[in-house]
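In the two assemblies presented below, chain A is common to both, partnered first by chain B and then by chain C.
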Partner chain A sequence: MAQYAIRRVVLNFFVLWLVATLVFLAIRVLPGNYATQQFAGLNLGGVTPEAIAQAERTLGLDKSIPEQYVEFMTDTITLDLGESFRTKQSVWSELGDALPYSLELGMLVVLVGFSVAIPVGVISAVKQDRLPDYALRGLAITALAAPVFWTASIAVIFVLKWDLFKIDVANQPHLWEDPKGAIQWYLIPMFAGGFASTASTMRLLRSELLEVLRQDYVRTARAKGLAERTVIIRHAMRNAFLPVLTVMGLTFATLISSQIVLESMFNIPGVGRMLFQSIFIRDYPLFQGLVIITTFVIVFTNLAVDLLYGFMDPRVRLS
Partner chain B sequence: MADGRNYWQRRRLSRRSMLRGAAVGSAGVAGAVLIGCGDDDDPTATPTNGNGGDDPTATATAGNGGTDPTATPDGGGGDMMAVAGGVRSAISANVYDSVDAHQSVASPSVGVLSRAQSKILRFANPNTGELVGDLAETWEVPSASEVVLNLRPGVKWHDVGPGAENPAASPGRDLTVEDIVYNIERQQSGTYADGTETSFGRSSYWQKIANMEVSDNAIRMELTAPDVTFVQGLANEFNQIAQPELLEAVESTFSEISADKVLGTGPYIITEWIPGERISGVRNPAYYDSARPYLDAFVWGQAFEDPTAYRIGWEQKQVDTFTDPDPTTTQSIQAANADESYLSFSGVANTVAAYTNPNVEPWNDPRLVKAIDLSINRRQLIQQLHNGLGKVSGPVTWLQEAWALPEESFENRPGYRTDGAGREDDIAEANKLWQAAGGPDLGTIDWVVAETWASRSSWTITPELIAGGFNDAFQTDQFRGKTGPYGEIIPSWSAGNFEPFFAWIPNIEIPDARADMITYYKSDSPSNIWGINEPDRIDAPLTAALAELDDEAAFELVAGVQEFILENGQFGRHIAYNYIAPTLAWNYLHLTGPAPGEGWNFLSGSLGALDEWIDPNDPSFDGRESPTPTPV
Partner chain C sequence: MQDTASPVLTVPESRRLSVPGVSWFTGFARKKPIGAVALVVVVLLVLIAVFAPFIARYDPNFVFEEVNPDYKTSPTLAELAANPDIGSRLVVNGLEGPSWEHWFGTTRSGHDIYARVIHGSRLSLIVGLGASAIAVSLGLVVGVASGFYRGAFDIVSQRLVDALQAFPGLVLLLLLVQVSEPSVRNTVFAMGVIGVPTTTRIIRSSTLVVQSTDYIEAARAIGATNFRILFRHILPNIVSVVLIAFSIGIGAYIIFEATISFLGVGPRGVVSWGKMVNEGRANLELHPWLTVFAGSAIALVVIAFNFLGDAVRDVLDPRLRGT
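Moving on, here comes the complex of A and B:
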């Protein structure tokens, strides 16, 4: 097991190097850079090659691509991800500001998603091909089909029309600063995001549970006279939950950086929105740093999930 | 409330009334150089916005140059006494490039700095170019190549706040003529105090000064050549005056934004400046105009990336104004809150145009250039992209209203006609030219639309509209629309090897259009990237206009040049129109403008800072939570 873990860690670092190289190149393939983007709002009578050159020099963009790459990799190895072109703050500092928001939203979305998906998935499996199953599957398909921006927009319209509660888009409170204000602010995005993520998890859990419920050991458990509730929760769920656990882990990791739509709609200054903006304004250090960190989180979450498999399933541990 | 539906159809300010002021100023009457003096009996001046969002408070105010606290035209309608106090809540653009206005290339930074730093002069009416004194209390223009500035006495640098606490600063001291001279000479030299070369955006403007003489509290400037537009440049938002001691200390780290690098003499003290997060300022109690600003403070939060967030912020009164690139969104939200809000209409200084490159084939063929110019359906684009909110522009945009050709003259002008038959004639003529220039043999022609334009939801169709318009006009399918980033367009523009493109470009420097005409059309101008070389028809009349103290005569010269440019298909610089942006405000907020419901066109940052006010007694104020500014 230890050898397996070490091998995976080494492989993960290779993946990180590969991703770092790709993002370094990918952002530079896009036309223009941060310096030239700044001129978009300027009277072009004042735009001269000298002005552009000076702006590029200030940002270190006058160096050759290989020079920039060597500098970037050297800094990255020493965990120096550079400074954002826009704010002149270190990427770590930028991430430190944005990550709590994304974690808060991500946790709430996962909380809502799984709070709904798990009971619904179980009910749907246990009541297979009966009215509750059809109704819940219909709901799942609706959730899958409805884009989060649509669900959120509809909710916003109702909140504004009846002035239900304040959505504090201006002050952006953290949960620990102003729990009530923060929950109100996150309420729509957490339900819109959670509702959307419910569908796939619920369907996965249902199919896994159906398969497990047909296993011999479940029949044995029932034959022993165990209560149906005990059979499902103690025996069936534990096995059916393994793939769901994988999905949970990866969902949470990707949620940190993928809530671009919800973060934009509700002015949540999280990682997803920052990532999107960094591409748009060609903030190379910020984009590169965020992608590397996100990749780090995802690959190591994946590793943690795999190791958790071993913990939950002795067969994996022994193999 | 103003009736915005007819806003762009109103009669414009008469040229006679504007030029009257200019003539007085040109005669050398101190303090009265009013190039475009707003006439009390003619409330029809046209308006607009900042340079594409340089000032988050967008629309601005008129007032009598900020000297009479009892006269406050208000956007909310009616003549009301301004109420002092309150905190204005707005949003800010996210990209700030500099704490040094002289080194800034982007207007958002300048919009912030103009709250804290004064200029030598400022615009009382940016639409017309009417000037009032700022750090110079009065000024004289004895001749076309001389300007005399008389410093306002008793002006002091901020004595509190982060800038004042900077060890390099000298807080609270008196402003001197040497401070102003330092700011000018610094930009002329193009170097930092330690001799390091740098780039100051307005260096070429200041190099127009051949000699400066300082005496007591006056500065006499002698220009290298006659240029009556020079005086307006003193009010340019980029030409702010900062404290020399602090400038020297921070000039090499100008791009690292921080409130402690800003020290001015302006109406507000910047107490916090965190790009992408928050900007806050409080009223300068020692401002030279004790009645201004009306507000106690301002707080600009993070810009909303998405209209939904912005709408939530506005409807729940977390921010005071709302505007969306799609005017129908703004208008529909106003309709839903009709009793408590109003729309303020501002022309936008980003001029929309199609550009062809005469330096490369096939666009070096004048027939092709003319064909393109005739075939652009400007009025249809205004309808399709802006819900009809806009007006066609010629070489001088309608925003520079004292110098633009009369709007009526465009009704029957080829390429601009309003009647169907005239339009058909234009298309027929364009087709003839297209055929004669071998258009059908040119193969596929890509027409680039700037992606910052095309990415906006209501404008995503623009590439298809542009290409489709040409294809329809020339009965072909050769034109293909595509998007391209400004980051690619701008370097190719400055290098002179750009593809045909369609974009908005803020090409207005000051209200006096003579300066911009010289910049873009004179044969020896570095910005004449079209290589236009018409010594007799363009260079000579523009040079004469620049030295002409009689503005009526100058206008005739500029108008003649415009006519010539239009006859030649605008030489590839196919100016189309300037659109109008509605800003939605709660009734409690009194924006400023030349008339109720109208905003300024450009260069309005100083006016907004001084003259906006909040009425806590207005019914719409109910439920508004005042933001908390960062204290000094």
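Moving on, here comes the complex of A and C:
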């Protein structure tokens, strides 16, 4: 177990190094850099090549790619992710501003997703191949098919038409600052994102539960006269729920950086939107830093979930 | 008389008028009714995409204009400030609701929404089929190679797969699309590449399963070459997995394209449903038609492809049913 964990940690750092290198190269392959992008936006005519060269020098972009790479790697190892080109703030403090928003939205999305997926998955498995199963599975596929931005747009139409509540995208309150305002702001994105994540979880829970319900110990539980409710909740769910928990952890880890659409639509200054913008203005340090941190979270959540799995389910042997 | 007497030449009654495709379809429809409906929708979509100019009624880029009722030959500055269009004889016939001339209404810039929804099917279809085909064929090469030959290539390729999978897909796509001009071809290629880690994983693991079977060992024992084992034994046995991966992926790629077009970084110069949903957002309250129709088109097409993918999976690999 300890050996396995150590090997996985080493492997994770190798993957992180690969990602860091890929990110470093990928953002530099894009045409232009921060200096040229800024001047292209101004389009003043008075921009001389010297001015661009000067700007590149102050940003450290005049150095050769290998030089930049060595510098980037040594800085990253010492956990120095540099400063954003645009705001001149350290990447860590930029992340500190954006992360709470992404965490809030991510938590709410997971909350909605799983409070729909779990009952639906259970009903669908218990009533296998009967009407509720078909209806709920059909609904799940439909939810998977509707793009998040579309469900959110439709929801906005109805909220505006019937004047249900005020969607204030200017204030950007945190949940702990202004709970009511924040919930009104997050309400549509959390349901749109939650429904979209329901389908895969629900299908996973259904197939796991079907597998477990066929096993002997469930038959024994039924034979000794336990109520069906107890059999499912106390006996079957315990084993069927583990894989779902795995997915839950991973969904949450990826949600932090993947809510680009919802964050852009509702003006949520989270990590996803920051990543998206950093690509367009070629803010190398910000982009690199954000991807490295989010990848770190994902690979180590992955590891934690796997270890937890081995711990909670003795049948799983980690090797 | 002689013909009916000879049993060799008689054709069974039920077989006499059958067209091969039709009998296959009725069989499929009996087994998978929802899958059959989805197949019909997909076929209709293909027909719509191919014959779009005949179905669309108008050119999707034609700007509809109407005579300006407020037209004045020499407006004063104050009048111009109040109504900038006052000096032009024709104005764009934009933001109309559904009518007999414009079934789905018109956009802000005076395009016919119905025509644009019909033409938008082309991009979605090209992107869905193209990207899924690229992802599956590249995944097939890498997956089979690393599952069959193992060793250093397997270790390196699998760590690369890990790295790419840990990367947010949308971010990777935004990067790839920006490298060169965002044309349809580049978008399809970029999306296909992003799908490769997933398809590689699936195909590699089924290669490993096939490889550990007894008949592969038997083939080796009688001295079959690697080449022969690969092409005669392994590939035929993972065809179903490849087809499943291909059909399941299509819907996801269609959503993927719609998403980047919605964010404003999709392929340029083509009609895209995702872009239309975004254009409609500016006038959502008064004129929801653009968003509603384009978004419904995406949802309908993706639902059809997803159900079809599910049916394909159930038919080809019953063990995976309901997963």
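Please note the rule applied: the second predicted complex is superposed on the first by the 314 of 319 C-alpha atoms of A that agree within 3 Å, B and C clash if a C-alpha of one lies under 4 Å from a C-alpha of the other, contacts with A are read in each partner's own complex, and residues count from 1 in each chain.
Assume contacts are C-beta pairs under 8 Å (C-beta built on N, C-alpha and C of every residue); 3 or more make two chains touch, one makes a residue touch a chain.
All values reported here derive from a predicted model rather than from experimental measurement.
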{"item": "Touched partner set for A:54, first chain B, second chain C, both or neither", "value": "first"}
{"item": "Contacts of A:95 with chain B and chain C, given as first, second, both or neither", "value": "neither"}
{"item": "Which of chain B and chain C A:213 touches, first, second, both or neither", "value": "neither"}
{"item": "Partner chain(s) touched by A:295 [first = chain B, second = chain C, both, neither]", "value": "second"}
{"item": "Partner chain in contact with A:264 - chain B first, chain C second, else both or neither", "value": "both"}
{"item": "Touched partner set for A:254, first chain B, second chain C, both or neither", "value": "second"}
{"item": "Which superposed partner A:118 touches (first chain B, second chain C, both, neither)", "value": "neither"}
{"item": "Which superposed partner A:168 touches (first chain B, second chain C, both, neither)", "value": "first"}
{"item": "Touched partner set for A:156, first chain B, second chain C, both or neither", "value": "both"}
{"item": "Shared chain A surface residues [contacts with chain B and with chain C]", "value": "30-31, 153, 156, 160, 264"}
{"item": "Complex contacts: residues of chain A adjacent to chain B", "value": "30-33, 36-52, 54-55, 58, 86-88, 152-153, 156, 160, 166-172, 264-267, 269, 273, 277, 281-282"}
{"item": "Touching residues on chain A, where the partner in the complex is chain C", "value": "11, 14-15, 18-19, 22, 26-27, 29-31, 128, 137-138, 141-142, 144-150, 153-154, 156-157, 160-161, 203-204, 206-207, 210, 254, 257-258, 260-261, 264, 272, 275-276, 279, 291, 294-295, 298-299"}
{"item": "Partner chain A, residues of chain B touching it in the complex", "value": "51-54, 89, 94-97, 105-108, 198-199, 201-202, 255-257, 274-277, 301-302, 304-306, 308-309, 311-313, 315-316, 318-319, 450, 452, 484-488, 490-491, 493-495, 505-509, 516, 519-520, 526-527, 627"}
{"item": "Parts of chain C lying in touch with chain A, wherever the complex brings them together", "value": "34, 159-160, 162-164, 166-171, 174-175, 178-179, 251, 255, 258-259, 262-263, 274, 277-278, 280-281, 284-285, 288, 291-292, 295, 298-299, 302-303, 306-307, 310, 322-323"}
